[in-house]
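Next up: some structures, all given as structure tokens.
Each of the two complexes below includes chain A, the first together with chain B, the second together with chain C.
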Partner chain A sequence: MLRLLNKRFYCKFATKTKVRPEKLNFKQLTHPTKVPQTPVKAAFPNTSANEIELDPKSIQLLERLALVDLDSERALETLKSSIQFADKITHIQTDNVRPLYTVLEQQQLQLRNDLVTEGDCRGKVLSNAKVTDEDYFVSPPGNIPLEQ
Partner chain B sequence: MRRHLQWNIKQLTASYAEGQLSPRRLTELALEDAKNLKTLNAFVRLTPEKALQAAEDSLKRYQNKKPKGTLDGVTIAIKDNFCTEGIPTTCASKMLQDFVPPYDATVCSRLKKAGAVLLGKTNMDQFAMGAGTVDSLYGPTKNIWSEELDGDRWRIAGGSSGGSASAVAAGICYAAIGSDTGGSTRNPASYCGVVGLKPTYGLLSRHGLIPLVNSMDVPGIFARSISDCVDVLNTVAGPDTFDSTTIRKPYKNLTLPEIDQINLSTVRIGIPKEYHCEGLSPEVLETWSKVADLLECAGASVRQVSLPNTAASIFVYSILNQCEVASNMARYDGIEYGHRASDERSTEQLYAQSRAEGFNEVVKTRILTGNFFLLRKNYDHYFEKALRVRRLIAEDFLKVFVASQEDDRVDILLTPTTLTDAPLYKDFAGLTNRDQCAVQDFCTQPANMAGIPAVSIPIRLSQSGLPLSLQLMSNSLNEQLLLTVARWIEAQVEFDSLQHRLNLQSTL
Partner chain C sequence: MHYSIIRRLSTQPKLANIPKRKWKSVVGLEVHAQIASASKLFSGSGTSFGAPLNSSVAYFDASIPGTLPVVNRKCVESGIKTALALGCRVNEVSMFDRKHYFYADLPNGYQITQQRAALANNGIMTFPVITPGKKVYYKTAKLLQLQLEQDSGKSLHDDQLKRSLVDLNRAGLPLMELVFAPDLETGEEAASLVKELILILRRLQTCSCKMEEGALRVDANISINQEGDPMGVRTEVKNIGSVRSISQAITYEINRQLETVAEGGVITNETRSWDAENRRTVAMRDKEVLQDYRFMPEPNLPPLHVNLKPGSKSTEDLVSVAALSIEIPELPEDTRQRLVAQYSLKPETAIILVNEPILLDHFLSINRSLSEVPTKVVYNFLINDFLTYCNKLNLNVEDCSINAEDIRDILKNLHGENINLQAARQLIELLHNNPTIKVQELIDLHNLQQICNLEQIEALCQQAITNQPKAVQQYQKGKSKALFAIVGEVAKLSAQKANMKIVVECLEKLLKPPKK
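Moving on to the complex of A and B:
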């Protein structure tokens, strides 16, 4: 029996580099807890039935502005449900609340003097273009409306 | 067993200085580990030659007794949305698959200047749009704490900086850089059992960080201890002329007090009740309650506070994210850099085709939705509205941190980071990207709305043997107190970020 006990102790010390004086008991609290033990319900309107107006003309406009195709029924559904998701804040009272564009609004945006500080880096600037001609980026003919 | 992995950065560099271990040897071992742990998919690209060269240079400096500073010879990994000169920077997307930046992000150049050894680029969700590192061109990143890494019973690493979290959790590097727009550093830190810091907005330069949401993006720091996290923070923080949105106040290096010098009796902790939302796991709740109790036992004043607009944050975030994404992604047209399609009929046609091929579905839908919110007829109703509610959310924080009545103020907020331990990939992948983010970012993204600093620290293991973490938040630029309290908690809970290695050895 004693030998068994010894062996067990030996294992404990051999496998652990640090012996913890006591392990924290997460079930045991000393003070009445300040953490709410039940979820605090948030009241937001159900907007999943909101009518989303997306006629073919608006979709075409969006696709032209985004230069991305809304190419599947699923993508359209995702777009609609994202709009419904956003509709959840429309009821919040924001009269006299200014938009917060940047959290640094108290600080003046840093401007630098209008001086050339770097240059002579044409090679670097062009290095990632797939098609170049002499020192120019190359694009296909412009001013042709997107085929839709 | 690699004993040096148990060391912190100070102990590591001390061993370099004493000649016990060399930066070269450490880097070789790190590259070896990265290869052996390839199944985690933490890295999208290793840079062994550059790393070994940096290690060699570092070794010489130690031999000449002239190390550059606290990070000389320390291995660090960088998320693949930070530009690295001469090393492809892909944002884990097809769009930037061949992009080789001709310059370093400020965060990277400062790390290099401090002598750090950059091991490579880490995996992420495409353009950082996700909360799981499951939407990457290079496949998902696995969580090293998973019960098994094969089959479909493995856990996600969290995201979008899952690769960085995974690399630090696996002991491949001592720290890693991620980015945090709505929780992308704290979320994977929480799941992977490491420290994840989102600093005050503007404290770290965003120059060279490929933008997602400019008004919220910050570089984040992963480490296995608060002390290591501070060492990295001190190296990379501070004003940068290349980023006009950095805070101009000169940065003063943080020095945290030793554990036994930390006095919590003057610290006021707030428990924002709204952070107990639907879906919070009982284990996280228990962890949250216990740590609040520990703080109270140590003399801190702990009380419940209310941030009434927090629950709206996830909707506001979704609108602002998609609007800024629509604007930011407009730069990808295939002409100057990025994927170029073969459709040469017209400029517009080439743009559209390049974008159709270069972006995944999540990115495309966010661009379309953002453009919808920004349409002239919708601009006020969605975009401006969201910005107004954003002010309400930010003011909630101000009210508790700088209330007019001294008695009503708190210094630190204690909340969960994620609602559960790391989900199984097969469960997580079944959700839509929006639901993935809406659920997982609930507790993290309000801090981005307000620009305040927040840190996730691992506390204990769940029943399933996975890390459970909590988040601390403080007022802007109060990193000193934030990390001091985090360090105190760290010392109480004694979480071992590397404990999984023992369990894993059999499967490797």
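Moving on to the complex of A and C:
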């Protein structure tokens, strides 16, 4: 898998970094950075007191979208605490701030030449599936016309 | 009670005064065109149609953890070329997004597409609309967006065992999605738009446009509303598999909606599938609740930059739009105008020739190699005889074995008065049935030469005159049209082989009233 990761570096920025054999010291910076070195906790409003309420309909929708079973008390608690944790960012003032989707925005996306270099590994790919039939993956029935 | 009756009566004429408003249909198209490439959009597996099941699948296509997408340069270039040909504004920066839905043939659980910032926007397409029995007219539709995205795998539904069989060969194939504004009104307009799009994409060689292989797929959004009202609730018709089906499916769906409303029903926002066999649309199970695709930026792909500077050159990781714009060939509409200007064709003739690329090739090559034959004879024969013959057999002109050389030989013989038009038509059929035999051999073999020998013709004419005494009498009385009956008789007697020009001259001479 590591080999794959190495092959699939997707931007110039990444390919230019040299792999050093010795153990990396992540605390020590080789390049200047604008990223604050200490987390800015004060900027987050404290939302831990906010009660998270979920109606059964939303829970049902979440279960369907995420394919996760939220029936048990523990699963529901985990979900609520996750929402509470993420809720912090919704209270931050972001008016007139251009959204930053990735720190690599200024980098050029690396392009690959149109050559066939992969594939032909049906055995390996199919070996991940629980049920197969004549080289097909088998799944529960999908979206089919209503009258059938 | 009494009062209410009077009231009702008094409102009656008022209602009748309100003019009945016409219903209008609104059609918008979404086209998915598979970009012609050797490898997939984000992985290095192959794209050939009909490859063994699950063989063109890279680890990335099967969503094996740890794999990452790398964009295929050719797909970006093809997308830009198509965008330029359709008059789009190409965006300097476009971005990739994840569109989530759970589906067995979508191993990642999301599709990588472009939602926030597409490759190109604001294009326009103007195309001739051909409706049988009506005058050809031009229609314009705006192209809202052109985006790059991956295809999903393919599912086969096994009704008996209640399961789906999934082949991932298609998963990750490169697609261009073209979203058109709802500027169309009828099925024919939609079919004509797609027909023109196919011509353009084939010229650009950015898509094979083989609808039977799913390389070009059309979804139609259809709604109806009364004149002056806002647009009605739309339905989406999917699974339209041929140009002919586009017009049929949309016409069916418009009529279904009109009928539903006439019966007091309500149109619901739903996805319907076109059933080509029974020629109707069928509701699909999906979209009972509005889907939440949970779009989010694709974290594994930084934005895609292109170079918009005029005169720039492409570099390793930066595609130049200016460099690509030079590579764009002559587009169908330019060809039509060139044909009209260069050969003084009627616009309708130019449209027919351009819409059948093979016909156009034949026309141009015959014109080059056989300059002595007037162009009018060439296109008339190609359209009225060759194309008509193919249509009669329900045969695609592309699939017809008769090549330009054969047609040139026929026209050469026709122009040299070696054969007549009947024989030329017969030769098309003979060539189609005997693709290995040459035209000259067929003429000899089936004795198709035109009879030009004057004595022979005179003998035939004499025979015809004795066979048609009534027509001769009428003709000599001054009814010149009666001559056609005698000419027809000669044609019959000569097995359609006599040179009609000579026959007419000969008959006129023979039937001339003796000088007094």
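Annotations for the structure displayed:
In this section, the second predicted complex is superposed on the first by the 87 of 148 C-alpha atoms of A that agree within 3 Å, B and C clash if a C-alpha of one lies under 4 Å from a C-alpha of the other, contacts with A are read in each partner's own complex, and residues count from 1 in each chain.
Assume contacts are C-beta pairs under 8 Å (C-beta built on N, C-alpha and C of every residue); 3 or more make two chains touch, one makes a residue touch a chain.
Because the structure is predicted, anything quoted here is derived from the model rather than measured.
With both structures placed on the common chain, the touch criterion links A:A75 to chain B but leaves chain C unconnected. When the two complexes are overlaid on their common chain A, residue A:D133 makes contact with chain C while staying clear of chain B.
In the superposition on chain A, A:V97 makes contact with chain B only, while chain C stays out of contact range. Of the two partner chains, both chain B and chain C are touched by A:L109.
Of the two partners, chain B and chain C, it is B that touches more residues of chain A.
By the document's definition of touching, both partners, chain B and chain C, reach A:C121. When the shared chain is aligned, chain B and chain C each come close enough to touch A:P141. In the superposition on chain A, contact is made by A:L65 with both chain B and chain C.
Of the two partner chains placed around the shared chain by superposition, neither chain B nor chain C is touched by A:P56. Overlap of the chain B and chain C interfaces on chain A comprises residues 61, 65, 67, 101-102, 104, 107, 109-112, 121, 125, 128, 137-142, 144-147. By the touch criterion given at the top, residues 6, 98-100, 102-103, 201-202, 215, 241, 244-248, 271, 273-274, 276-278, 280, 285-290, 292-294, 296-297, 302-304, 309, 311-312, 315-316, 318-319, 322, 326, 330, 333-338, 340, 344-352, 355-356, 359, 361, 364-365, 367-373, 375, 381-382, 384-392, 394, 432, 434, 438, 450-451, 460, 476, 492-494 of chain B touch chain A in their complex. The touching residues of chain A, counted against chain C in their complex, run 1, 4-5, 8-12, 61, 65, 67, 101-102, 104-105, 107-122, 125-126, 128, 133-148.
Of all residues in chain A, those touching chain B in their complex are 17-18, 20, 24, 26-27, 29-31, 33-42, 44, 61-63, 65-71, 75, 78-79, 81-83, 85-86, 88-90, 92, 94, 97-104, 107, 109-112, 121, 124-125, 127-131, 137-142, 144-147.
Residues 37-39, 43-46, 52-60, 62, 64-76, 95, 100, 102-105, 155-159, 162-168, 273, 275, 282-286, 289, 292, 294, 297, 299-305, 316-319 of chain C are the ones touching chain A in the complex.
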